[in-house]
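Below is one structure, written out as structure tokens, with a few remarks after it.
In this document, chain identifiers A, B, C and D correspond to the written order of the chains, with residue numbering beginning at 1 in each.
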Amino acid sequence: MRVTVWGENVHERRDPSVAALYPGGMHETIAAAIREHLGEEAEVATATLEQPEHGLDAGALGRTDVLTWWGHAAHDQVEDAVVDRICDRVRAGMGLVALHSAHYSKVFRTLMGTTCALRWRNEGERELVWCVAPGHPVAEGLTDVFAIPRQEMYGEHFDVPPPEELVFISWFEGGEVFRSGCCFTRGRGRIFYFGPGDQEYPVYHQPEVRRVIANAVRWAAPSGPVPDAPPPARQSPRGWFERG
Amino acid sequence: MRVTVWGENVHERRDPSVAALYPGGMHETIAAAIREHLGEEAEVATATLEQPEHGLDAGALGRTDVLTWWGHAAHDQVEDAVVDRICDRVRAGMGLVALHSAHYSKVFRTLMGTTCALRWRNEGERELVWCVAPGHPVAEGLTDVFAIPRQEMYGEHFDVPPPEELVFISWFEGGEVFRSGCCFTRGRGRIFYFGPGDQEYPVYHQPEVRRVIANAVRWAAPSGPVPDAPPPARQSPRGWFERG
Amino acid sequence: MRVTVWGENVHERRDPSVAALYPGGMHETIAAAIREHLGEEAEVATATLEQPEHGLDAGALGRTDVLTWWGHAAHDQVEDAVVDRICDRVRAGMGLVALHSAHYSKVFRTLMGTTCALRWRNEGERELVWCVAPGHPVAEGLTDVFAIPRQEMYGEHFDVPPPEELVFISWFEGGEVFRSGCCFTRGRGRIFYFGPGDQEYPVYHQPEVRRVIANAVRWAAPSGPVPDAPPPARQSPRGWFERG
Amino acid sequence: MRVTVWGENVHERRDPSVAALYPGGMHETIAAAIREHLGEEAEVATATLEQPEHGLDAGALGRTDVLTWWGHAAHDQVEDAVVDRICDRVRAGMGLVALHSAHYSKVFRTLMGTTCALRWRNEGERELVWCVAPGHPVAEGLTDVFAIPRQEMYGEHFDVPPPEELVFISWFEGGEVFRSGCCFTRGRGRIFYFGPGDQEYPVYHQPEVRRVIANAVRWAAPSGPVPDAPPPARQSPRGWFERG
């Protein structure tokens, strides 16, 4: 399984507070979490916004089975051609793990078909992440609930299509709830959205969060090779399937 | 639309605190909520545990399009024959609105196929009910969130099958969340589970709660007459459907 | 309820065989089906591709609660600005009923997030439409199955997200099956896709098909007024919901 | 992963035609299919109706991670105590793969909450099994469609709750369709229902069918040890989760 961890890498280079939390960039921390849990099961690379084609040229993407995405400050700088390429590869079978503010990325919004708007407030509130699908592979190894001491609040209504499977619901100190672990499929590709993870808090260093991300990568992985494109519309003569 | 509001009617006759809140029994308060919102659209009757066959003999049930259910202290006293009759009528098309502690009724558990266990704590906590399906008929006329000042906590994991539609998620003061508005279908029948409503708090007098219950009754109503039984397994000769 | 029936109106003016089946255009036949079943419940207008802004300027769309869409030969001629306006209005709460080859329209594909590709063959095969959700409002008044004597085959795999509710599955003479009645929600809007209906066969004159379309329009209708736009992302101070 | 293949083993001992197809019993053929595909990943045992407690005493069931079930002629002879034990173990996390006529077993009906009735006709018709969820683990290694030359027809309406994931739809020569590959969860347990497989045809010798069964076993397997019972309702003091 080949995993590419994509990071916007803007806050980390601009904001000292973020650089202090994530000296190598958030993408390196996330990549390490996946390596830590999946070991030899996964080969993990990283790519960032500032690279040519954002590090996701056709070759790099063609070697990716699961893509994780974190972006926030520069969604608009992601080129439409790259967005189209990524969305098509998801439809063809690549897994996608969208993290936190990736809810508002071009890639996620295009695949959802909705605004993906939500309520937010950044006051370092406590978040409790409840598992509502205890037998689900993404919840493997976790207990019923875990706490994130300080987090940005993301709350309902979260404008995504009804998740095909809902794995986590978050509680926030200020009164909001949020569907923070959501499964979708688009074409042959599996998508997991995971709410926790703001750049201003050390969320991606937290063991439970790392575990969820690694579980999600494994869950989203395609079971075989991903074709170059999703199948086109096909005129099919009567009995086409009998002849092989 | 003919609605039967079923009430266990045990607490109301035994506990002065409950009788003070619901002098005519909780079922009368719930029936009034439905009449208030549905007016001439619905003909509302009540039935209670202590009546012969719990007020749900074949005739009474046969005249019911939507049944609402509230029970708590005496689930075991509901006769199995009546439970079977109710479940079969749901499968044939009758709507069911299961309220609060009805999660543990024989009827609801039989239809769900799961334990329907949950976490609970009765300390009069604040509950915030969030709508996560704003276009849903059961949420009609409501805003994004409403508060119930004091309530029993019901929390996850709530062991029901994944709701086919999730309409409400509740937040509780003590840290828990709960999928408090859940849609299911069983056969031709529609089932709505609604979390709010403990006997020790005036929840069924609250306007938003009354509105949700009335909306749920309308949503669960069958679109035509309910047959006496759900369709049996049928041996069907080739081309049966061509001959009418 | 204000319904706008949108028709591409290209085949009808170009192909004598289609004009013979639908002398006023397919949109008029579809509009008549809705009027026939919904009567005073619905006010039905039509709009077509060749009109300015395809008949769907902001005013016309703002007066539409449910939009039905039929297009085939000229998907590319639908202006992107109009597509955006329609998609946003669906997300805000307008219902959408996508008919047959509308699976490949810009509007439907944008809202689905997938390719919407399928298999097809136009040899006038028999289609049997089976109801797999007999209590569903869109199936109201129909029996378990109905036949369309001659139809274009649409077959799996149909690349849409898993339908939130699956109402119909079609059987085709040549061996294919198709999920031909699919419910989705996007934001506050409800979407129904219905497979039957090619321009070369008199499908929209068939009573069962007319009934399904009218049922779908009623099901997709919003329960209240549709706002001008779906809600944006909102920064929400702590306790915002307590103050109104 | 420990798999127990349960077989009713009545037809095989009573009907020479069935014994000829399945000399060791259908359960042995099914067990061999799982061993063939899962190899060392699974330890496969069998159990049959005529054994004490049907081969599923507490010890044997306690050593089972995934149970496959085939029954037809003797559903009523399965003891209720064993049915309860099985259902509870599914809710606790054991996987269940219900095959063909197992749709009418006590275990499956109890877990579904519906009648599980369907239409049927045994005339050796051709069945075409279409995959409608091409990225799903249960469909791994299969093409879009495969044919079963002669089969009993099972057709809609199949009275199960809407499948949480629909993987296969079958087409039958005589005109019917059937949701033949359905995923459900009950508690922590995963359930897959698979339609193909009548005792009078060599269906379980067919490579594609064998592959689906093995895939389903892998999909249904719990990710960790299965506890003795599903979690009970729990009174939870405020802050219980903070203290571990």
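What we mean here is this: a residue touches a chain if its C-beta (ideal position, glycine included) is under 8 Å from a C-beta of that chain, and two chains touch if they have at least 3 such contacts.
Fair warning: this is a prediction, and the values are worked out from it, not measured in the lab.
Q: Measuring between mean CA coordinates, which chain is farthest from chain B?
A: That would be chain A.
Q: Check B-C against A-C and say which one is joined by more contacting C-beta pairs.
A: The greater number of contacts lies at A-C.
Q: Please tell me the distance, in whole Å, between the geometric centres of chain C and chain D computed from their C-alpha atoms.
A: It comes to 37 Å between the two C-alpha centres.
Q: Nearest whole angstrom, what separates the Cα centre of chain A from the Cα centre of chain C?
A: From the centre of chain A to the centre of chain C is 32 Å.
Q: If you look at chain A, which of its residues touch at least two other chains?
A: Chain A, residues with two or more chain partners: 128, 133-134, 144-145, 155, 157, 162, 164-165, 175-176, 185, 187, 241.
Q: How about chain B: which of its residues touch chain A in the complex?
A: 128, 130-134, 144-145, 155-158, 162, 165-166, 169-172, 175-177, 179
Q: Spell out the residues on chain A that touch chain D in their complex, using ranges where they run on.
A: The touching residues are 93, 128, 133-135, 137, 140-141, 144-145, 147, 164-165, 185, 187-190, 222-224, 241-242.
Q: Mind listing the chain A positions that touch chain C in their complex?
A: On the chain A side, the touching residues are 87, 91, 104, 110-115, 117-121, 123, 153, 155, 157, 159, 161-162, 164, 174-176, 184-187, 230-239, 241.
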